[in-house]
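What follows is a group of structures, each given as structure tokens.
Here come two complexes built around chain A, the first alongside chain B, the second alongside chain C.
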Partner chain A sequence: MAESPAKGTGDVGGSIAWDDVSVAFGSNQVLDGVSLSFSSGFNGLIGPNGAGKTTCFNVASGFVAPSSGQVRLNGTDVRGLSAVKRSRAGLARTFQTPRLVLEMTVLENVLVGTERQHRAGHVREVLSFPRARREARELADMSMDLLRRFGLEGAAGQRAGSLSLGSQKLVEVARALATQSTVLLLDEPAAGLSASDTSAMVDGLHQLVEGTSLCVVIVEHDLQLIMSLCSSVAVLDFGRIISQGTPEMILQDKAVVDAYLGAGFATGD
Partner chain B sequence: MPPHDLLPDGNRRGRRWAKLASLIVLITLLAVVPPAMNSYDQYLITLTLVYAITTLGLNVLIGWTGQLSLAHAGVFGLGAYLSTILIQHGWGFVPSLLVAGLGSAIVGGLVVFPALRFSGFTLAVASLAFASVIVQLFDNGGSVTGGGGGLAVPVFQFSGLSQTMSTYYVTLISTVLCFVVAHRMRHLRFGRVAFSIRDTEIAAVVSGIRVVRYKVFVFAFAAFLGAIGGALYAQLETFIFPVMFSTNTLVLMLVMLFLGGASSLYGPIFGAIFAVVMVELLQSFGSYQDLLYGLLLMLVIGVLPGGMASLPERLRTSHLLGRAVRGVASRFGRGRQDEATAASPVPPTATGSSLVDDPGDGVESGVA
Partner chain C sequence: MLQYIINGLQSGSWYSLLAVSIVIVMKASDVPNFAVANMGLVGAFLAYSFVSAHLPFGVAVVLGLLGAALFGVIIDRAVIQRLGDKGHFPLLLMTIGISLSLAAALELIWGTNSLSLNAPWSNKTVHLAGQIINWDGIVTIATGLVIAIAITWFFHTTAGVRMRAVAENRSAARLVGVRISRVSGLAWGIGTAVAALAMILQTESSVLSYTAGDALLVPAFVAATAAGFTSPVGAYVAGLVIGVLENLTGGYISTALQSVVALVVVVLILLLRPSGFTRTALARREV
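What follows is the complex of A and B.
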């Protein structure tokens, strides 16, 4: 039986840090000297639309090159590493819109995330060597376990395209977890999800992350989710970090209330 | 191990054996029936198999991996010429077939370099130019390639069999081997990765898939299959010249691919059967042959946009015929999967992605 993702990531402490990162698209300064760091457990990155949250993720995963600054993954500077190499160094992510192969089954989509764990080569797999068969079975078991945690085991054989958006998002999170990475970036995982899908995702993530060193960073507009799940939260506004701390500290920060939460949120109206 | 066998409710073993038994019966028929046919029908059935192998290569490239590379007629010709030249220099047919395949795989793999920079139509044009260069080399290769006049192919022959039947059996064995390997690849890790690269390359990248390595392999493997097809085609035609590998041949390959069903494993077989059989059937219509062929193509593509291989799925999902087909299918066990789907706790939607507006994540646009 293959290790569960949680167990697989438990031995190595996950951490990610942005050090004085700036990004400009033409004259538009999207990130302006962003410095923040997150370690094991659930972390939140919030802010109004256009604040630069997704750009932070894109810089970390190697899709956008910063004009200055660096990103450290598990303490190592990943400047100059391609997106694939960053992924193989332990960084996984999801997207605002789920990126699945709709033609493939749910299980096949999750299995895509197990690419790094294959030890038997393609030739051995095609020739059906016992080791390759055993490995395939173990990785499938691990993937099924992930789907089970998100309440999707019954859909494993269905085409991903036949699922609701919420379920597709859960499949994408499961695929990211299947990579057994040490750092997981979730970009608006609850956007468009029903209450039951959100609950399934939160429960699944709790089960998989608790007791491990996996570092999860969540960009999300569902503040209730962020405040209940995360131990550390950072707030971005116009490309700058305006606050970072515990959820309680964030809620009481006047700059955050003014820029993002609004007076109504603070007073509970 | 195909993914459906990895599912815990592995109740599909019986169906798998039934498929295997059907395949064995089909191969046995293909082995014993053609000797009783006339030589022209033997030629046609061999041509169908040659086209199926060749189109399979194009399918791996375009249908599975989404690389719009149009150099396939060129590598098809390269296989034909390499094999023929090697045989002329005293090589046996089978070694020449393998070396032609491997040599073309190396050359075809070169097309990956534009593919790393370009995609879509730009890649199509770059690869088309590459194929054009290959054909020009055939045309201007002097005594080595025979120039525009072409080369006579020394034809391989088993003792006790005609030339056509010898070529047929080698082609049949090659077809079975190519499709068995492709079937395994399609349903294993390679197939999953290829589809990911085709549909969502970004997700493949963040899953740690070495996309460049896979693309190099895909281009080389597609060229290998195309060249095997080309070498067998040379044996079948017994004479080759550059025009046989021109853009017209590429168009035929594309027709077979999309008519049969791009991305489907067996689409190339259906496409090849259509291309060969329809041309034969329509010959009796004289000057209207091309017109009717075009209309038929439009009709099939219009009715079956997913190609002929999508017909069973189309029947299952159509309102009128679906009920009848599902009824028959359930009697033979196929209905179980549908029942499992219906019992799933996950509510299916029509589009699966239209419930909320796409906010965009800025990866392609670079804007957050």
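What follows is the complex of A and C.
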């Protein structure tokens, strides 16, 4: 049985906050003073295409440097940290297009995500000391359990590149969970997934996240998924936060309806 | 015929081990290590010095391999990682520079005379199928096979999986917190130790000098090329094939053509399958 993703990080709830973050690419202002915070549980970040959602994730994970503002991971300013160090500090993310190691098996891809749990050391590992062998078995069991939660145990030995896009996305989510991070950023995890893959993903996330302190932020255009899964939702438009609150509040916010949802969504038409 | 094949498997094992070393380093650092033979010679010269200090041969070899591994880690930390973000060409030039510098350093420290690194089995023979076989050959072939199996096993351990992840998709590995610098250091350490083993086996059956690695470099790179610089098993098998082909060519056609075999093989590979013949290399090409 795998540990809950956030178990290894103690009882401190995961949180992430963007404080007055701005990003400009030349004359194009992508984020304009974004202030936003999420804590434990499922959170949604929505908005029209080009609103700056993925840029928020890129700033948080260290792929894009903001022109001003800061990102706090579990309360700590991570401005000076590289992408690797942010990952090791407890931040995991996925991408719109999965970034798996296509030549490796599905299980091996998830196993790479267990890097932070690695304690035995390389020398013990190379010399196959008992402690290293035991640790390797435990990490493999944990990875396999994660795959099982997403209905992928049968594909564990397959080359990741041979899977459908939907299954690759599930593997990427499993790999992100294998890092036992406190904050998980999922960039359009349901895009391109079949109904059954989406269902497998939601079920797996529910099992692995509920009851833990993990903070999950989901960027997604599937609004039904966001509204049913998330307890807190923020809306970006033209690089600015125009609303944040519970799904019910978002659905009734006129600014959100005008900018993104359209009147039909709010009325259920 | 059998004699030529066994001799070919022996020299092929030297090529194979060096090719495996090239593949290991390539996987972690994405650079073809042209210093592989001379870095391996560091381990061979260290082993020679320990034998000269009256240590048992086995102990001397182990210390030589450990010294070589440490040297590999130092080269990685001091040079390779500092150039890591400068692209392939500076790194490639750096490995050539390391090779030339090492040749000069080895000449300066151990001199220009050919030295003898005698193993307990040196000059001993065994009769096999009507042929007289040197124990050198048997030990070399067996060692090469054991190392090939061990390296293949290693790439399926968690450390090996991380190394493959770095090789195939560096940004994906970095994304989940894999420390590239550690993986790189591990690869250079193991790779240099394997290269040292190749050079110890080669110089133990002939002579040890600062130029001992020169003749092995081209066939080793051809073997690594055949494996698409990705598959240790492919590199091992290709090294053996080149060794056997060289010896059959030398035996049945002309010894003058022996050194041309590797070059013919590399031309054929580049014409027919530039990405190599192994499954991994082919799969990578399909992506």
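Some observations on this one:
To be clear about the criterion, the second predicted complex is superposed on the first by the 261 of 269 C-alpha atoms of A that agree within 3 Å, B and C clash if a C-alpha of one lies under 4 Å from a C-alpha of the other, contacts with A are read in each partner's own complex, and residues count from 1 in each chain.
In the analysis below, contacts are C-beta pairs under 8 Å (C-beta built on N, C-alpha and C of every residue); 3 or more make two chains touch, one makes a residue touch a chain.
All figures in this text were calculated on a predicted structure; none of them were measured in a lab.
Partners chain B and chain C, brought together by superposition on chain A, clash.
In the superposition on chain A, A:175 makes contact with both chain B and chain C. With both complexes placed on chain A, chain A has more residues touched by B than by the other of chain B and chain C. In the superposition on chain A, contact of A:137 is made with chain B only, not with chain C. In the superposition on chain A, A:164 contacts chain B only, with no contact to chain C.
By the document's definition of touching, neither partner reaches A:39: not chain B, not chain C.
In the superposition on chain A, contact of A:84 is made with both chain B and chain C.
Applying the stated contact rule after C-alpha superposition, one finds that A:100 touches each of chain B and chain C. In the superposed pair of complexes, A:58 makes contact with chain B only, with no contact to chain C. In the superposition on chain A, A:116 contacts both chain B and chain C. Shared contact residues of chain A with chain B and chain C: 61, 83-84, 87-88, 92-93, 99-104, 108, 111-113, 115-116, 118, 122, 125-126, 128, 136, 161, 175-176, 179. Here chain B touches chain A in the complex through residues 1, 3-4, 6-8, 181, 184-185, 188-190, 192-193, 195-196, 198-200, 202-211, 263, 337, 340-341, 343-349, 352-356, 358-363, 366-368, going by the rule given at the top. Chain C contributes residues 154, 157-159, 161-162, 164-165, 168-169, 171-180, 182, 186, 190, 280, 283-284, 287 to its touches with chain A in the complex.
Of all residues in chain A, only 61, 83-84, 87-88, 92-93, 99-104, 108-109, 111-116, 118, 122, 125-126, 128, 135-136, 139, 159, 161, 175-176, 178-179 touch chain C in the complex they form. Listing the residues of chain A that touch chain B in their complex gives 25, 30, 50-56, 58, 61, 63-64, 83-84, 87-88, 91-93, 95-105, 107-108, 111-113, 115-116, 118, 122, 125-126, 128, 133, 136-137, 140, 144, 151-158, 160-168, 172, 175-176, 179, 187-188, 191-192.
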